[in-house]
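Note that the chains take the letters A, B, C and D in the order they are written out, and that residue 1 is the start of every chain.
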Amino acid sequence: MTVAGFQIPDRRVAWRWARENLFDGSWNTALTVGMVVLIGVALYGVGNFVFASAEWEAITANRKLFFIGAYPRDEAWRIWAVIYVLAGLGGLSWALWSRISPLLAIGGAIAMIPVFVFMAHGEVALLTLGSLAAFGGGYAFGKTPALSGRYRNTARTVAVFLWIASLPFSWVLLDGVPTRLWGGLLLTMVLTVFGITIAFPFGVLLALGRASTFPVIRLFCVGFIEIVRGVPLITILFMAFFLLPLAIGPERTILFGIPVTGVDTATVQRALAGIVIFAAAYLAEIVRGGLQAVPRGQTEAAKALGLNTFHILGFIVLPQALRAVIPALVGQFISLFKDTSLVLVLALTDLLGAARQVSAQPDFIGRQAETLLFIALIYWIVAFNMSRASQQIEKNLGVGER
Amino acid sequence: MAAAQGSSASELRRILTLWRNVRVQRFVGQTVFAAIVIYVGYLLISNMSGRLDQIGLSLFPFVDTTGSFPFISVSGDFLNQRAGFDIVETSFGYDYGPNDSYRDAYFTGFLNTIRVSGMGIVFATIIGVFIGVSRQSKNWLVSHAALAYVETFRNVPLLLQLIFWYVAIYLKLPRISNPLDLDIAIVTNKAIALPFVSPESGFGIWMIVLLAGAAAGAAAYVVRSRRQDATGLPSHPGWWALGAFGAIGLIGFLATGLPLETDTPSIANRQVIGGLQMTPEFGALLTGLTLYTAAFIAENVRGSIQAIPKGQTEAAAALGLGSFQRMRYVILPQTLRILIPPTTNQYLNLTKNSSLAFVLAFKDVFGTGSVIITQTGQAVPIIALLMITYLSLSLFISLVMNTINSRLKWENA
Amino acid sequence: MLKRYIIPSALWLMATIFIVIAACGGDDDADGTATPTDTGDGTGTPAQTGEGLLATVLDRGELICGVNDSVPGFGFVDPDTSENTGFDVDYCKAIALAVLGDADAVQYVPLTADARLPAVQTGQVDVLIRNTTMTVSRDAGSGLSFATTTYYDGQGLMVRAADGYTSIDDLATATICTLQGTTTELNLTDRLPDSEPLPFVDNDTLQAAFIEERCDGWTSDRSQLAARQSAYPESAGGPSALVVLDEVFSKEPLGPVTIDNDSQWFDIVNWTVIGTILAEERGVTSANVDDFIADPVNPEIARMLGVSFEGGDIFDAGLGVPPDFLQDVIRGVGNYGEIYERNITPIGLERAGTVNALWIEGGLIYSPPWR
Amino acid sequence: MTQDQMSGRDGEKRVGTRNIIEARDVEKWFGDFQALRGITMSVKEREVVVIMGPSGSGKSTFIRTINRLEEHDKGTIIVDGVELNNDLKNLEKIRSEVGMVFQQFNLFPHLTVERNITLALSHVRHFKKADAHDMAMRLLERVGIPEQVDKYPAQLSGGQQQRVAIARALAMQPKIMLFDEPTSALDPEMIHEVLDVMRELAETGMTMIVVTHEMGFAREAADRFFFFDEGVIVEEGTPEHFFTNPQEERTKLFLSQIL
């Protein structure tokens, strides 16, 4: 138990712990000493940089750029509205499903980043605390006797629909500002969240198609999945960027010989399209893993009860399959979150793009180390906490325990 | 269906029964699906083609459609034009200059991708295994340092790490005006150079001698293995093979009159000359790819070691096998079986991730491709070519790894 | 075991064949007679093809303009306001004013050097104003059209003063930083075939490498070098630590780029630029444009501003925009001289005596007659 | 097996006089949990000792300290005259003299039955390949499954696997055999085939320490009996004593539940 290592009650026990774990034999002692030196040097280097040589003004002067890019300050209420709605929904869901609480708690903690990093900014701190209140409000509402008792299942269904509805709602609300102005962490989050949620149904369909007994459909799905997974995301982004407007561009989209008005896509939408294509293929593989984990007996039992294929899928197989792959889905979310940084190649100003813009400003030229470290920290906090949350869920659901 | 006596009612019933037939449904369903897919694909492509045609470009200029067999001729078209841009860093001695064609430029980039991916795979495996084993260390400090490594490197975007390695580490190496000259090596931010050898006369003969040495080594291995089986005495066939090869190689080296010349790097005219050089761009890319992928491989290694039941080690220990023998004969063969599939995935990821070289001034196949797109405007064919290139690479790696995996049969352990 | 390869291999093969066949299908389509694509042309819905980009832009109510976001003076994002500013950006505004009458009705799309030309080809941007050099192959072979040059640039080479390079030939075997996918990359290879070019995708990484002496020279258009020199960080020695060598080894006429098949749109872009030049020539500025509207002192100014001269008819050249479009343009962004003064002078590039002076002052900035 | 061991059929005389295992005040902690609280026990040559006790009583931990799969924290353990300490040389000597059979068989899944048996022979004892093969065949015949020699463990039933495990341990010609609940992972019909092998082994005069709940085996084969609870020896004696006249309450309770 490494945890026990931290709960050292007195000196004697501490010494015994150290002897067992650090100085157990001459080889181990040498290793420990070596590691101490190595860690010391590393800590000194980092500490020296962080507290002595770094100039953090590049960060503090550009807070807005890092978080929302060129999104106008006057329109920032749109973002807050979205955060409040999501926080309220999160609180409600926490009350309704105790099992997913780690994910929500982590999501909330991530939303708090602006406060922790930018305490100085009074207004932002206040608004962030407000979102906590929204969270609490949602929780209190979910805990009301009616909802936690008789109408619990109804409430859950409604909550699921609210979550689904919250996505287009958020987009419409945010879209009051043209997408070209979206940037920073906002853009990174939008690309990740919308990318994975839009891709999800396609991923499920592809997975079902791949498991299907229809050779044509299976071939199509296998082809799509394997081709997308065989090439770098960056080529898919390039493709979405260059070819999408050619294929469905505003002028020449023809359906059955009839010209129709095509879709005029801005860079953000194209990047999103690329991300969706990419994520769908990876999600399909994850869902396929889940499908394979559902024992054959389940389908057979359902067939024996006379259920048709759609019912079997919808009520028996998919719920079990998806439950089994929740941790993998979170993992995919994390990796997509990191991968959205590639939209840099399309000159979008996501979190990484913001960092590069800052280090190009005349006042802060050459301050790359600071800006990179800062956004690395943000990426790290989100990714690390999400992965911890997924481990927690794994435990709660008893997934992976045999 | 025997009821089909010609009456229209039974005819109708026959058709209805046919329609309810599972096979018919399957056939119709799939045909409809295929038709939709083909039509949508056709739609998108004809749109693209039409739009490109408006501005005087063609969708896929590699191929000419001609009336006669084989209907398609690969003409190359723009790929044969003079590229005009230089790529300084080439791999495997491939010779490229600005007067060569776009095709040569693309191939240069392709070789660069192979070089960085290949080296990345080797180093990431070594470091990943090392970190993964360290995660299992009984030394608290070591196991937690390894944990910190894994959590740091895999939770930060690779692109960011690459920029960091380049800007904050490799560019901060000593400048050419004030180089770090270690007598054997030169370290500057223009290049890190090590002494290297270049062949001289007699090299060919020595190569033949080396070949003979390899054969002798193989023979020694067989002989010593047989002896071990026959007598039971430890006969170290591996060491004997290495010894035989080394001895013959060395004798041959001396006998052919030292056919290698040391090529020591030096600095002239503000450039590092000679030796084995690594540019900071390549260095940053390799470091970033290696350390990032190693974090994932380490997790695979840890997982697969943990997947071996503790009882296996105990049983081996109870039989009196030493810790090396336990590792070699009991744990490792079982670990490898579990480890290879996820590691193959990491190799594929590394290869695909090498395309992120675009942020550094290193010309891999993707970087070269995007330059060609800019210089020629041919986005569609180049993107298609890039996808085919990466697909082929992925396929090749899976093929190699699956072959290795299938060779690792239990009894050979 | 073999099965595991057959499927992916077959897929791979199919993908290849699919692309090839699709390409052929596309070609046939382009040459063919009665295909859906042609139906689209045949019906000739005016909103789609007849009026082209002008109609699209009017419908959208916004101009999409491809710009640079990292070259001070020409196109960069002002850190204080998060807004795009610069010489090129002002011309985006000028076109928006000409077409829509609103300088803010512009969507700026920052583009890398790599992505800029495809962005025009694929219709991602209506116009590209991003220090793009006019060359014959770009104009003829890439489906693009180049409007009147807004800035006559030339490629130069910048070195650190401390290194003691005095002429470009001194750098014959040196490492030289450049931007990937630009004409400068190609010119460098022509001029110094034995040098080692180090092509970056963006100026920021390039500058970091240059400061660390990874490369000995930095080649780019001289305007960009000047902009970069003026903003060279004090920690690295400030502007005085750098020298732009005298020799100019290429001609780089920079101007707006539009798509090739839309002459109406091209004309609007082209004559908006020419209008700003003519305004300077005739002394019309943003400050006094309203005086000239009230009292155009000569017929050409009246034609240009789309007002009646001494009670005569209003001149309409048939560009597809209202004849008085230049009024908005001049009022909004000023004439050529004003745009230059506002953006380029501050980065240390004096105009007098250079090729970018008006033709009457010995430069190349010249307006064809407005009639 | 030597002649005098084989001749020692008579239960009374079979047991030797020399203590081959001596444990004194053995203590063992797992973190804050003390698993063994001072175990003192000695085992004579050719003696068969059975240890019983509820789960968590420390019986498995104790026999695992005898070949040092667990290190004891206090006290001394002397096996065949060699004290167990951190000296690696002692450790390897003892481990090759003490065979062990596990509850979960712990056969090596990647090796054939033959290789499972000969692995340690060739790498520790340096047997010739042919000799090792002969040894494997002899032992497999002894445990009754010579026809399974080329199979992999996964292809065998539980009882067969455990018999291979016994053969594997015997191949090292140990002086002492430790059995850690060898039948508790087996289906009932397979238990007796393993117990038969063990009974036969006991009759040949092997020194054995067996942790088991098989009363029949204990009554028939054991020379001495120990009852463990909460890390201490609660009661010790002959099988007769145990089954007819246990003294301690805890022992009585346990026996009443198990019988």
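Worth a mention:
Heads up, the rule we're going with is that contacts are C-beta pairs under 8 Å (C-beta built on N, C-alpha and C of every residue); 3 or more make two chains touch, one makes a residue touch a chain.
These numbers were taken from a predicted model, which means no experiment stands behind them.
Across B-C and A-C, it is B-C that has more C-beta pairs touching. The chain with its C-alpha centre at the largest distance from the centre of chain B is D. Centres computed as Cα averages put chain B at a distance of 40 Å from chain C.
For the pair chain A and chain C, the distance between C-alpha centroids works out to 38 Å. In whole angstrom, the spacing between the mean C-alpha positions of chain C and chain D is 86.
Chain B and chain D have CA centres that are 51 Å apart. Shown for chain A are the residues that touch two or more other chains, namely 227, 242-243, 246, 249, 251-252, 254, 345, 368. Counting partner chains per residue, chain B shows two or more touched chains at residues 43, 45-48, 50-52, 163, 167, 358-359, 370, 373, 379, 387, 391, 395. The set of chain C residues touching two or more other chains comprises 8, 15, 36-37, 40, 115, 118, 122-123, 208.
Residues 61-62, 64-65, 69-70, 178, 180, 219, 222-223, 226-227, 241-243, 245-246, 249-252, 254, 256-259, 264, 266-267, 345-347, 349, 356-363, 365-366, 368 of chain A are the ones touching chain C in the complex. Of all residues in chain B, only 41-43, 45-60, 62-63, 65, 71-72, 84-86, 88, 98, 163, 166-167, 171-172, 175-177, 189-190, 269-271, 280-281, 358-361, 363, 367, 370-371, 373-377, 379, 384, 387-388, 391-392, 395, 398-399, 402, 406 touch chain C in the complex they form. Interface residues of chain B facing chain D in the complex, by the touch rule stated above, are 228-234, 309, 311-312, 314-322, 325, 329-330, 333-334, 337, 410-411, 413. Looking at the complex, you find that chain D touches chain B at residues 67, 69, 92, 95-96, 98-100, 102, 104, 106-112, 115, 119-120, 122-132, 152, 165, 168-169, 172. Of all residues in chain A, only 2, 5, 21-22, 24, 28, 31-32, 35-36, 38-39, 213-217, 220, 227, 229-235, 238-239, 242-243, 246-249, 251-255, 262, 334, 338-339, 341-342, 344-345, 352, 355, 368-369, 372, 375-376, 379-380, 383-384, 387 touch chain B in the complex they form.
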